[in-house]
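Each of the next two complexes has chain A plus one more chain, namely chain B in the first and chain C in the second.
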Partner chain A sequence: MKQETTVKGSNALAAVRDAAISALISLGLFLPLVGFETIVNIRNELTLDTRWPLLFTMVALVFVGRLAYSLFAAPRLAQRKQHAAAAPAWLGTIGKWFVPFAIGFVIVYPVLVLSTAGFGGALKWVDNFGIQILIYVMLGWGLNIVVGLAGLLDLGYVAFYAVGAYSYALLAKEFGFSFWLLLPLAGIMASFWGVLLGFPVLRLRGDYLAIVTLAFGEIIRVVLINWVDFTNGYAGISGIPRPTFFGIPFTAGDDGFAATFGLEFSPIYRTIFLYYVILALAFLTAFVTVRLRRLPVGRAWEALREDEVACRSLGVNTTNTKLTAFSIGAMFGGFAGSFFAARQGFISPESFTFIESATIVAIVVLGGMGSQIGVAVAAVVMIGGTEIMRELNFLRQIFGESFDPTQYRMLIFGFAMVVIMVFRPRGFVSTRQPTVFLKERKTISSDLVGEGHG
Partner chain B sequence: MEVFLQQLINGITLGSIYGLIAIGYTMVFGIIGMVNFAHGDVFMVSTFVALIAFLFITTWIGVPSIAVALLLVLLVAMLFTSLVNWAIERLAYRPLRGSFRLAPLISAIGMSIFLSNFVQVTQGPRNKAIPPMVQGDMVLFSQNGYNVTLSLKQAIIWGVTAILLVAFWYLVAKTRLGRAQRACEQDQKMAALVGVNVDQTISITFIIAAALAAVAGTLYLTYYGVVNFADGFVPGVKAFTAAVLGGIGSLPGAVIGGLLIGLIETFWSAYFSIDYKDVAAFSVLAITLIFLPQGLFGRPDVEKV
Partner chain C sequence: MSTSNAMGPLSDGVVGAPKTGAKGDTLLRVEHLTMRFGGLIAVDKLSFQARQGDITALIGPNGAGKTTVFNCITGFYKPSEGRIGLAHGLPTVWDDIDALTDSGHRSMTTAEGALYLLERMPDYQVTQLARVARTFQNIRLFPGMTLLENLLVAQHNKLMLASGYTLLGVFGVPSYRRAERYSIDKARQWLDRVGLLHRADDPAGDLPYGDQRRLEIARAMCTDPVLLCLDEPAAGLNPRESADLNELLLSIRDDFGMSILLIEHDMSVVMEISDHVIVLDYGVKISDGAPEEVRNDPKVIAAYLGVQDDEVEKVEAEVGL
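Take a look at the complex of A and B:
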């Protein structure tokens, strides 16, 4: 009994010491960048100001956080590890009902929002949350073919998104083709570029492949910026024709959508229409992926992901397998891009930076590579989360008027990427359902999934 | 001819900076086989630390000579940047060692986004400019009224780079620490069996990488006098290109690759188009990886089943 208390006492002492060391290290880390602030004064010179209170608050937070972690969280985590948690049964039941429920929810979502928030308030919720998230869900599913199924880490996916967007914008403006004609065309263009950029990188693998695709993505962006005659450079392209409801434009005029159907004009109709377009496109992506996984090419992708050498020695044509993955993934990127251009009515190279690619890759990886539900959940969490940051106005009352929560979006995003990788390197949904099975479908735990080196 | 010589001087200066960053990439790749995507942003953090140290020393303390100030700034930047990189390795990479192959890369991308936004939030999004620290130049050569000059700044950059490279070479080739490092590069398990502290060696590798990036950062600040939170990505990719061009894992390769990239970029800007100078560097990266994946001095990657 007595022994136990002394053990506990020394534990507490060790925890305090540990927390003190962490605090000291964080003091060193934060001292230059948080402790000092560079300010331009009236004479336009750079001067230094101090922010000691902020610095010490942060250090104190680290101290308290570390102490709480080692006293309370760490023992519990260790305990949990010992009784390796078998997934409770109710999780399986939820899993079974989750997909139909989610599909039903996204279909009725605009109606739900309309009935609760009214015509004025619904616009933001359908546009910023519905459409914005669905674009990323679709991009995530498209990239999932390349990264999740074929195991080729592509850090330049945004290039295909850009190709789709610029194809639609330029062709629609120059020739006045309709959205429905240009949508497949943009997909074909993007998939052509996918093959073109896929060819040179066939021999590369892993990190190298990632970096070269990144370089390609950046090259396309720099070209978009500098080829002013063609793309109008930084200024971007504005006045891109908006999609119509099978020929009926969403305008306030007499031949507009509202007038034709005898409704009062409101911008919400266009938004809701766009919502269903992107929803249909996203479902198309998911459906095609699910079907492709059962075709020989889909099986070849997954085999390639697990082990490229074994794949080749079994006679799989890795060149074709990789190129199809690149081109089909790129095609969906192109669809999403042309939808993006049609929705915004304005595009510029600013929308196609590396951060976008990193965001999409993060969604795929955090969702659990290859899992479509995981990717969708990750997109909702990451994009919905960063959009919600815009809405947190009450924080301003706590931290003062100058506090702008949107500034912290990417900061938290980057931090979340690291934290999720450290704690769940396999992503949210880390189990894999085998597509090919002998008698019964067994769920493969993430611990058992071997990683190929392809 | 005069323009060529002048561009050669400028290119070597830029190349020295890239070379110093490239060593960080190549060392980390050599020892744990990961592309430390955040290294460019560590370099950017070091430019800010150097800026703050410079302002602190000149306006708050005041030192007699600029040389002393510069040396102090260099030391402070090296110290704090090393601490940052050490912490990054401990928090974001070490838990992922032995995890699946792409995990550290994704974690590093997250870290890169975090670092640049952290600096943006704490120091503001605008460019930070300081008055030139060192002035004066030396006319090397004059023809047709065109002077080929080597500025004092450039001379400092060449000198500091050369001294550090010699010191660094000594460290890796001649000391116990360097031996431990090379042992870990070849086989971590075996190195651990013969008594090398692998974790510590990896930590020290990250510290050295950061220290060299901090030297590059201080020199960058001295040379350009302007820093920005977004200035980590492009120099980072270029330095990575340098490391790949020289053969990733090869230390002399990184330096030579850095010089080559610096020269290619400068000549491309001078003779072709300054708008497309980033395209030149990125194309070199793609072309090298596709046609010469082992680089100029690297060992070919042998595939074992």
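Take a look at the complex of A and C:
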């Protein structure tokens, strides 16, 4: 009895010390960020103001929060970890029905939204949520080939997205080619750049590969900014031709889509059409990836992730294997890019910054490297979550009129990432499904699956 | 009957097992092999031969340069000097080795067979074209892939060709499906042979150590090699597993006429199964011959005991040999 109290006492002491350290770190962090404020005064001068009360409130919050976590939440979590060894049976049932349900849902989604939100409200839901999320699902699946299957950490994936977008924008404006012709062309173009990037970086591994791909992404962006004659620089390219419905444009005119089919004109038709285009593209990506995984090339990608030296000892040409992963991943990035350009009608280098690459990598890592379902779920959570932030207007009533929830997007984004990484360090779906089997397909635990070293 | 015909092109010709010579022909010829790492000479003007159908053992104390020789043969290192020739088919192909060396090419194919200069080939081609398979001292399986998948990756080049470099495979053409079935069957046979068929669908990382060793050998055999190089296959095995391994290696030699080159520390393995032993010390060959000859060579004993040649008798007397 006495011993127990002393153990508890030392626990409490450790918790206080831990909380104090956290408070100290947050003090160091928040001092420049929150403690000082620059204000432009009436004479248009920049003055430095201090916000000590706010700073100390935040530090105190961190202290109390950390203390509560280590005293109450942490022991309970540790306890639960011991019990949660076996996954409950209902999880398996959900897993089995999740994919068909999800596919059915995304197919009827526009109809569902139209019937609930009406013509006016549906536009936002199909465009901001549907199309936006699907673009990232597709990008995530494309990058998943490079990062998840082949284990090559690519931090410059947005470069291929940009190549696809600019290929479509420039070729469509200059030559007036149609979307359906330029879509594969943009994919080939991006794939070509993927091989071009692949060659010099093939000898690099792990962190070094990540740095060089990051640099490649930035180079493409800087070239887009500075090659003004070709890309129109910062100003970007506007008036990009929109895709048509098999030759019928989505305009208000007599030969437009609405008039042809005897409907009342509404921008929603184009949006719904675009929704199904990107849905088909995303399905294509998923289908091809599933197919490729079962082919020798896909198995070689995964073997490469597991052990590159062993691959070479088995006669696998690792150079070619890496290049195929880079080029196929880049191709899907290019498809997504050309769709993006066609949907926006306007592109500029601003859309292809490093934060885009980081978001796509985050989607792949959070989803679970190599898992199609995990990546899709992560994209819905990450991109849908950001979009939801814009909708939370009721927060204004709590925090005052000047409160803009979208400003806190990145903070919540980071917080969500930390939470997921704490609870599921290998992503939502971290197990691996074998590509072939003799008797039964057994799921492989994430402990055994390699993460790749470049 | 029809299925065996369909599989015909896979089991011979270019993509299947290559032509091999008769037992006793020279298969591998290492000449004046030297490997320097900066100022350190790991292997110094080493020459030896390995014969078709033999188990050739490369032994020596720690740091003698055995694994370096292996890495040179399998293309993982580029030797500083020397020539490593490998022959497929009739022994007459060796007559052309000087011509091939002067021509600057990596390999040549004649009606009688083919000749490869391994020191000129990148590692993956040594396996893909010259058909030299290897295992590693510290096992290198694909731990997150099943046993079956491990053995299918070993048949990568054959399957890649059958899938039309992926293009035909994406559409699931019947010829690819047939090739895949054939490969799975081959994998099944090898799993059966190493006694791991019941674990075919388990991840390789879940296997106990001894089973991982055997799986690695089965995987190397799935590449259709003419020469199997094993780097310390008995390391970390208990006496029972070691005996099983001996049996497996002998059966591979006898049933397939496979030539094996192995590095080993375990003398019981070496003396029991090898036909030919080469002893290295400080990168230099100090003995070469049948196991009994090598066992009684004072130079070998001296190297293993770590003393000078002329002190051998004294030390032997001390330790009571």
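Following the convention adopted for this analysis, the second predicted complex is superposed on the first by the 405 of 454 C-alpha atoms of A that agree within 3 Å, B and C clash if a C-alpha of one lies under 4 Å from a C-alpha of the other, contacts with A are read in each partner's own complex, and residues count from 1 in each chain.
Here is the rule we go by: a residue touches a chain if its C-beta (ideal position, glycine included) is under 8 Å from a C-beta of that chain, and two chains touch if they have at least 3 such contacts.
Given the structure is predicted, the values throughout are model-derived calculations rather than measurements.
A.B. asks: On chain A, do chain B and chain C fit together or clash when superposed?
C.D. replies: These partners fit in the superposed model.
A.B. asks: Answer with first, second, both or neither: which of chain B and chain C does A:L392 touch in the superposed model?
C.D. replies: Neither: A:L392 stays clear of chain B and chain C.
A.B. asks: In the overlay, answer first, second, both or neither for which of chain B and chain C A:N226 touches.
C.D. replies: First partner only.
A.B. asks: Under the stated touch criterion, which partner chain does A:E306 make contact with: chain B (first), chain C (second), both, or neither?
C.D. replies: second
A.B. asks: I'd like to know which partner A:A215 touches here: chain B for first, chain C for second, both or neither.
C.D. replies: Only chain B; A:A215 stays clear of chain C.
A.B. asks: Quick one: the Cα-centre angle at chain A between chain B and chain C, nearest 10 degrees, please.
C.D. replies: The angle comes out at 80 degrees.
A.B. asks: A:L263 in the overlay: touching chain B, chain C, both, or neither? Say first, second, both or neither.
C.D. replies: Touch status of A:L263: no partner.
A.B. asks: Touching A:A12 in the superposition: chain B (first), chain C (second), both, neither?
C.D. replies: neither
A.B. asks: After superposition on the shared chain, which partner residues are touched by A:I25: those of chain B (first), chain C (second), both, or neither?
C.D. replies: first
A.B. asks: Between chain B and chain C, which one contacts more residues of chain A in the superposed model?
C.D. replies: B
A.B. asks: Using the touch definition from the top, say if A:F415 reaches chain B (first), chain C (second), both or neither.
C.D. replies: Touch status of A:F415: first partner only.
A.B. asks: Closest Cα approach between chain B and chain C after superposing, in Å?
C.D. replies: Scanning every C-alpha pair, the shortest chain B to chain C distance is 6 Å.
A.B. asks: Once the two structures are fitted together, what part of chain A is touched by chain B and by chain C alike?
C.D. replies: Common interface on chain A, chain B vs chain C: 309.
A.B. asks: Of all residues in chain B, which touch chain A in the complex?
C.D. replies: 34-35, 45, 48-49, 51-53, 55-56, 59-60, 76, 80, 83-84, 87, 91-92, 95-96, 99-103, 105-107, 109-115, 117-124, 126, 128-131, 233, 237, 240, 244, 273, 275-276, 278-279, 282-283, 285-286, 289-290, 293, 303, 305
A.B. asks: Which chain A residues qualify as touching chain B in the complex?
C.D. replies: Within the complex, chain A touches chain B at residues 25, 28-29, 31-34, 36-38, 40, 45-48, 153, 155, 200-201, 203-204, 206-208, 210-212, 214-216, 218-219, 222-223, 225-226, 309, 354-355, 358, 361-362, 365, 407-408, 410-411, 413-418, 421-422, 425-426, 451, 453.
A.B. asks: What part of chain C is in contact with chain A in the complex they form?
C.D. replies: Within the complex, chain C contacts chain A at residues 74, 76, 123-125, 127-128, 133-136, 140-146, 148-149, 152-154, 156-157, 159-160, 163, 166, 169-170, 172, 180, 184, 188, 200-203, 205-206, 219-220, 223.
A.B. asks: Along chain A, where are the residues that touch chain C in the complex?
C.D. replies: 288, 291-292, 295-297, 299-300, 302-303, 306-307, 309-318, 324, 432, 434-442, 444-445, 447-450
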